[in-house]
Amino acid sequence: MSTSRTIRVEALTRVEGEGALNVRLSGDQIEAVELNIYEPPRFFEAFLRGRPLEDAPDITARICGICPVAYQMSSVHALERALGVEITPEIRQLRRLLYCGEWIESHALHMHLLHAPDFLGFASGIEMGQHFPEELKRGLKLKKIGNQLLEILGGRSVHPINVCVGGFYRPPKRDALLDLLPSLEWGIAAAADATRWVSEFDFPEFEADYDFVSLTHPDEYPFNEGDMLSSRTGVFPVAEYEKTIQEYQVPHSTALQAEKVATKSSCHFGPLARVNLNREKLQPIAKKLADECHFPTLCQNPFRAIVARGIELTHAFEEAAALVKAYRPVKSVRQSYELRAGEGAAATEAPRGTLFHRYHVDDEGKIVSALISAPTSQNQRQIEVDLESFLPGYLSLDNATIAHHCERLIRSYDPCISCATHFLRLTIERNDVS
Amino acid sequence: MTTTPANDPPVSAWTTAPIVLRSTKAETPGVFTAEFEFKCEQDAARFASRPGQFNMLYCPGYGESAISLSRVCENSQRLVHTIRSVGDVTNRLARLKIGEIIGLRGPFGNGWPDFPDDLQHLIVVGGGIGLAPLRPVIEQFLASHMATRELTVLVGARSCEHLLFAGEYQSWRDSGATVIATVDRSAPEWKGEVGVVPALIDRLNIRDPAETQLFACGPEIMMSYSATAALDRDIPRDNIWFSMERHMNCAIGHCGRCQFGSHFICTSGPVFRYNDVQQLLTIHGL
Amino acid sequence: MSNKLRLGVFKFASCDGCQLSLLNAEDELLALAEKLEIAHFLEASSIIGAGPFDVSLVEGSISTEADLQRIKDVRRLSKTLITIGACATSGGIQALRNGASYEEFVRAVYPSPEFIHSLETATPISQHVPVDFELRGCPVNTKQLVQILVDHLHGRRIRVPNHSVCRDCKLSGTVCVTVARGLPCLGPVTQAGCGAICPEFTRGCYGCYGPAHQSNPSSLMAWLSGHQHPVEQLVPLLQNFNAAAPAFSNAAKELQEGARR
Amino acid sequence: MTSPLFLPVAELPKLLARLLELGYKVIAPTIDQEAIVYSEIQSVEDLPRGWTDEQEPGHYRIKPTSNDRYFDYVVGPHSWKKYLFPPLQLISRAISGEEGWTFETCSDAPEQLAFLGVRACELAAMKIQDRVFLDGAYVDTGYQRRREGSFVIAVNCSVASPNCFCTSMNSGPRCKTGFDLALTELDDGMFVEVGSSRGQDVIEPLSLHAATTQHLNSAENLYARTVSQVSKHLNTDDLRNRLMSNLNDGKWDSVAERCLSCTNCTMVCPTCFCSHVSEVPSLDETVVERQRKWDSCFNLEFTAVHGTPVRNDVRSRYRQWLTHKLATWHDQFGESGCVGCGRCITWCPVGIDLTVEVNAICGGES
């Protein structure tokens, strides 16, 4: 007997932004898996046109309140490339420090409030806290330290105000950073403990042969700089990003999806990809931690992304503490520049994956066009592909249980749907995609 | 005749004394009378007030409100306040339970002037909650057994259920006062006056205007028209007194909020001679 | 289950930042959760609670037909409805489309415009349903958000100061960036709430909290444009996250018309 | 008191050292945020030596000078009121215990502050605030403690900005009373006047020589030159009555069209004293602090009675400010509330000039 049924997750929860999932089955055959992002489109690229280029970091930050720093970093780097601005080592370090703040905040949030409850069988972090109060409090404290770091550097944690093309409006106060140092040092150990805790969770047996993609840098764990690296096809320059990874529109979603141009195959972005591709560049304690938690050299179980997140959380605390110790204020951390027409692209590593921006600017400093590729959009196709291979093992279960499992898998990507919908492009030439 | 603060300033103007709610009594819709007692005797000993003064009642977390003493109890540490619930503090006050503690700073303000020796006739005009700070005056007047002198109490309210202290009018009358109540909106059961208070002044029997005093508290417009009516009846300007209301925060003349022209209502008022405010009242948004 | 107040958190077109501001109340979150039952908060909990809600926090603006229906449901189910953030209170950054050609926006941005079901405008919640209180900010301030929830729990009227950013600059000893550095700053016409952080970081305020009480952006713009600040710089300053707030949009219009003349 | 002394410029550090040794925290002009502001200094190196300021309505810049004087500028955005009447103060605390609420009055630990570089108009401003906080029916004990604990070293102005009008307000530029020590910066050092026995005690151990007639002459010349630089004037003749008889004048509308109601003028004014006490409860509401913050008559909520502000438009709020400062202040405190420092003119983001507005509203150009 072959019946057709539809499994629906009407509203994905504990993800940032709003989306749904539709799975159409015909008997045991999966007809379609559709990740439906129904977030209303907000047309960022459209209204960036004609605006002063200085506005890009503040405006693109509003694409996502969870990873505004990522938007600020990708936009300023891309615009600096267009203008030919070289930033100083001091600026570069402060940008890494700012990014540490966002990773800490975002990773601690996702691990403790959004993802861990899945493994322990709770509906929310707050409910989990009734049974794991110490773990939740530790998580909240870790998160808070990330926010404090963001506040010192950026004025506030959501949509910081201190980032500009050319650097920062004002250098952070050294005293404020030094006051935070004990917390950062506490955070290294606490993050490692949190990672050990999540690494003991019961992970579903599911692996896939992913094409992991992230930035890579010869000396550092990737934040703002470097080339793109694909586990399948190797290194490619950021400037060739859209030639390598192409986006397209699907009728069931307001977010665009991405796939490798050459193979029309999906890619996996985010912490799992980064740890797999850049493990050697982790800070010492984080690296030891990865070994200690028996994190596989090539981890292909998406559910284990929570462990990768913990490793990166630890890394971010370590790196932040080191940067704070080394910080010596200089009078200005802002490079001046001359306006000129040009074009520039940059990719940086948002907590949940690579965020790519490209801008054209004119000689009056106005934005002519903008292209923004957000991590969630890029992972969206991958999530659907995963679900297609994950689901057959669960089809004997009732719809609600299947839906629950699907949601768990989706959540392991820490999708930020707000980002995804702002992933819009100016032109797309479908014919080029062959 | 001038008015002077009745007592020396407290140790620090911000020192807050704990007071305990002893009883409450519903008056009109949204208005109730609360009796408090000082928690500490030494606070009670320091406290001496006169009619027309007010206290700052403090509900922690909600804030302070200026509330007049609606009865001045001599030789007693009782504090009687009649309160209209309109917002955070007053609503909180309305929810207090017997025995609960709140804070008090006070008394503040100058209060009503002393009755002059040659006083023949006192006219008290209270609109709405404005009768509260006037009740101590009425009670003091009646208690002083001034047989030859006359007391007229004019009370105005939106409707008869809003007439404050209505249950006491008869006893005031029994003690010799003339009490006339008027309402804006009549109701079937209402047998009294309908209309505004100033209209009542036109009809009063005022034998010796020069020795008549008028104390008013209520909406500014009501007070102003009452004053005009009183002037028409030849009551001298100097004999007309208003109790004014403005936003009050510190009550000690330091926060600037209650400024009204040259005056801080909290320290040089709330009671003003009509002469001192008449001009100012004509200026919109002062 | 208890006499806790039931809280609903709802999202419309937005960036999630205002909801995150609630989760950023790390020190207060657990204590709040003891007093409020988080009945619906997709970002934080898998329980999709049905109404009614004692308090609903609404983030985001209305920009689709479906959302237009949904906000009415939320209103119906909520005793007290509080909008949080610039998106919800003035339309947010996406309201920039309101003045532009919507068709062109969609075509320019999506390869298959026919898949996109969206309204031509992004509008504040109060344009569609009655709102009990609007908390400003892009994003809202966590302290203010916690404060209004606590005030509500204690039966106090919800309110936040509505004075200008300048007052907070002065309270913290920040030197005015307009007067001392010649930077254009919206602080004098913007409602406080952020803590005057932009001037503290030596940049002008860009108006996240929307117009202050009885604000006078026309006068400020007239002064700035008379002092070496070109209209092309001032108009975008007004057209940020509160571009559709009438005081700001009118001032921008005036500037543009003045420049054309 | 004693006859004037002379402090060679090289010995200025000794004066500072003496103050520090006596346990004073020394507050003086410094450069920060591209302005000359008051903050703690450790050495004379922290003073804005060789800098001056440039002021116009709505405009302020600092720039280097060609000389190396320590005090060659006028007043900046800060005033000493931030130390005597801090912008944020804890007033009292309520603590909920088993027997209900108990109340504590809070007072900050008294700090010994030495103010270095107080200008004549600022001395006048302090005296005005003394009247508000010390001379009325109620004494602000915190203010009293801070005021009595502070040591005041005045400095006579060697320049005036186009926004200064102290000569009209009879408050400067010459420091006459209200200081412990007063300095006049001459080419080679400071002409020192001692204004109190406390001042005498501080300066005594420095064993300074008496100032020479030449010093005295140079100082006099400098005063005269500064007076001649004061270009702004306000006709104060009968000003109180002129303003009070124009309260309904239509010209208030014209300033209301420009005024932003942003509070800057009141915040920078060294005499404005409005404040607001608000509740700061702990999350569980078992401890509630009351916090006093600077407030302003330009804020809408300032006069709200049952939710409706009495001064419900910019016109009435600007009028309140100006008439309070220049007219009703006389009634309340027996003098003007303005010392002519020009801060409200400089720091108004749209350059509204009260002297111009007064002339517009009630005439009297002088």
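Labels for the chains are A, B, C and D, by order of writing; each one numbers its residues from 1.
By our rule, a contact is a pair of C-beta atoms (placed from the backbone, for glycine too) under 8 Å apart; a residue touches a chain by one contact, two chains touch by 3 or more.
Please read these numbers as outputs of a predicted model, since none were measured by experiment.
Chemist: Which pairing of chains gives the most C-beta pairs in contact?
Modeler: A-C
Chemist: On a CA-centroid basis, which chain has its centre farthest from chain C's?
Modeler: Relative to chain C, the chain with the farthest C-alpha centre is B.
Chemist: What whole-number Å value describes the gap between the mean CA coordinates of chain A and chain D?
Modeler: Inter-chain centre distance comes to 51 Å.
Chemist: Averaging only over C-alpha atoms, locate the centres of chain A and chain C and give their separation in whole Å.
Modeler: 25
Chemist: Measuring from the mean C-alpha position of chain A to the mean C-alpha position of chain B, what distance in angstrom results?
Modeler: Going by mean C-alpha positions, chain A sits 65 Å from chain B.
Chemist: Could you please state the distance in Å, as a whole number, between where the Cα atoms of chain C are centred and where those of chain D are centred?
Modeler: Roughly 37 Å separates the two chain centres.
Chemist: Spell out, as numbers or ranges, the residues of chain C touching 2 or more other chains.
Modeler: As it turns out, chain C has residues touching two or more other chains at 27, 154, 202.
Chemist: Going by the touch rule set out above, which residues of chain B reach two or more other chains?
Modeler: 61-62, 87
Chemist: Can you list the chain A residues in contact with two or more other chains?
Modeler: Residue numbers touching two or more other chains: none in chain A.
Chemist: Kindly provide every pair of chains that touch.
Modeler: A-C, B-C, B-D, C-D
Chemist: Under the touch definition given earlier, write down the residues of chain C that touch chain B in their complex.
Modeler: 154-157
Chemist: If you look only at chain B, which of its residues touch chain D in the complex?
Modeler: So the residues of chain B touching chain D come out as 5, 9, 12-18, 20, 58, 60-64, 86-87, 100-103, 245-247, 249-250, 252-257, 259, 261-262, 264, 267, 283-286.
Chemist: Which bits of chain C are touching chain D when the two form their complex?
Modeler: Touching chain D: residues 27-28, 31-32, 146, 150, 154, 161-164, 166-167, 170-176, 178-181, 185, 187-189, 202, 212-216, 219-220, 222-223, 227 of chain C.
Chemist: Which residues of chain A touch chain C once you look at their complex with the stated criterion?
Modeler: 10-18, 38-47, 51-52, 55, 58-59, 62-66, 68, 109, 113-114, 117, 123-127, 129, 136-137, 140-141, 143-144, 147, 155-159, 161-162, 164, 169-170, 248-251, 254, 407, 416, 418, 424-428, 430
Chemist: Which residues of chain D touch chain B in the complex?
Modeler: 91-92, 94, 96, 99-103, 105, 132-133, 136-141, 247-248, 273-279, 281, 285, 288, 290, 295, 297, 302-307, 310-313, 315-316, 319-320, 324, 328, 331-332
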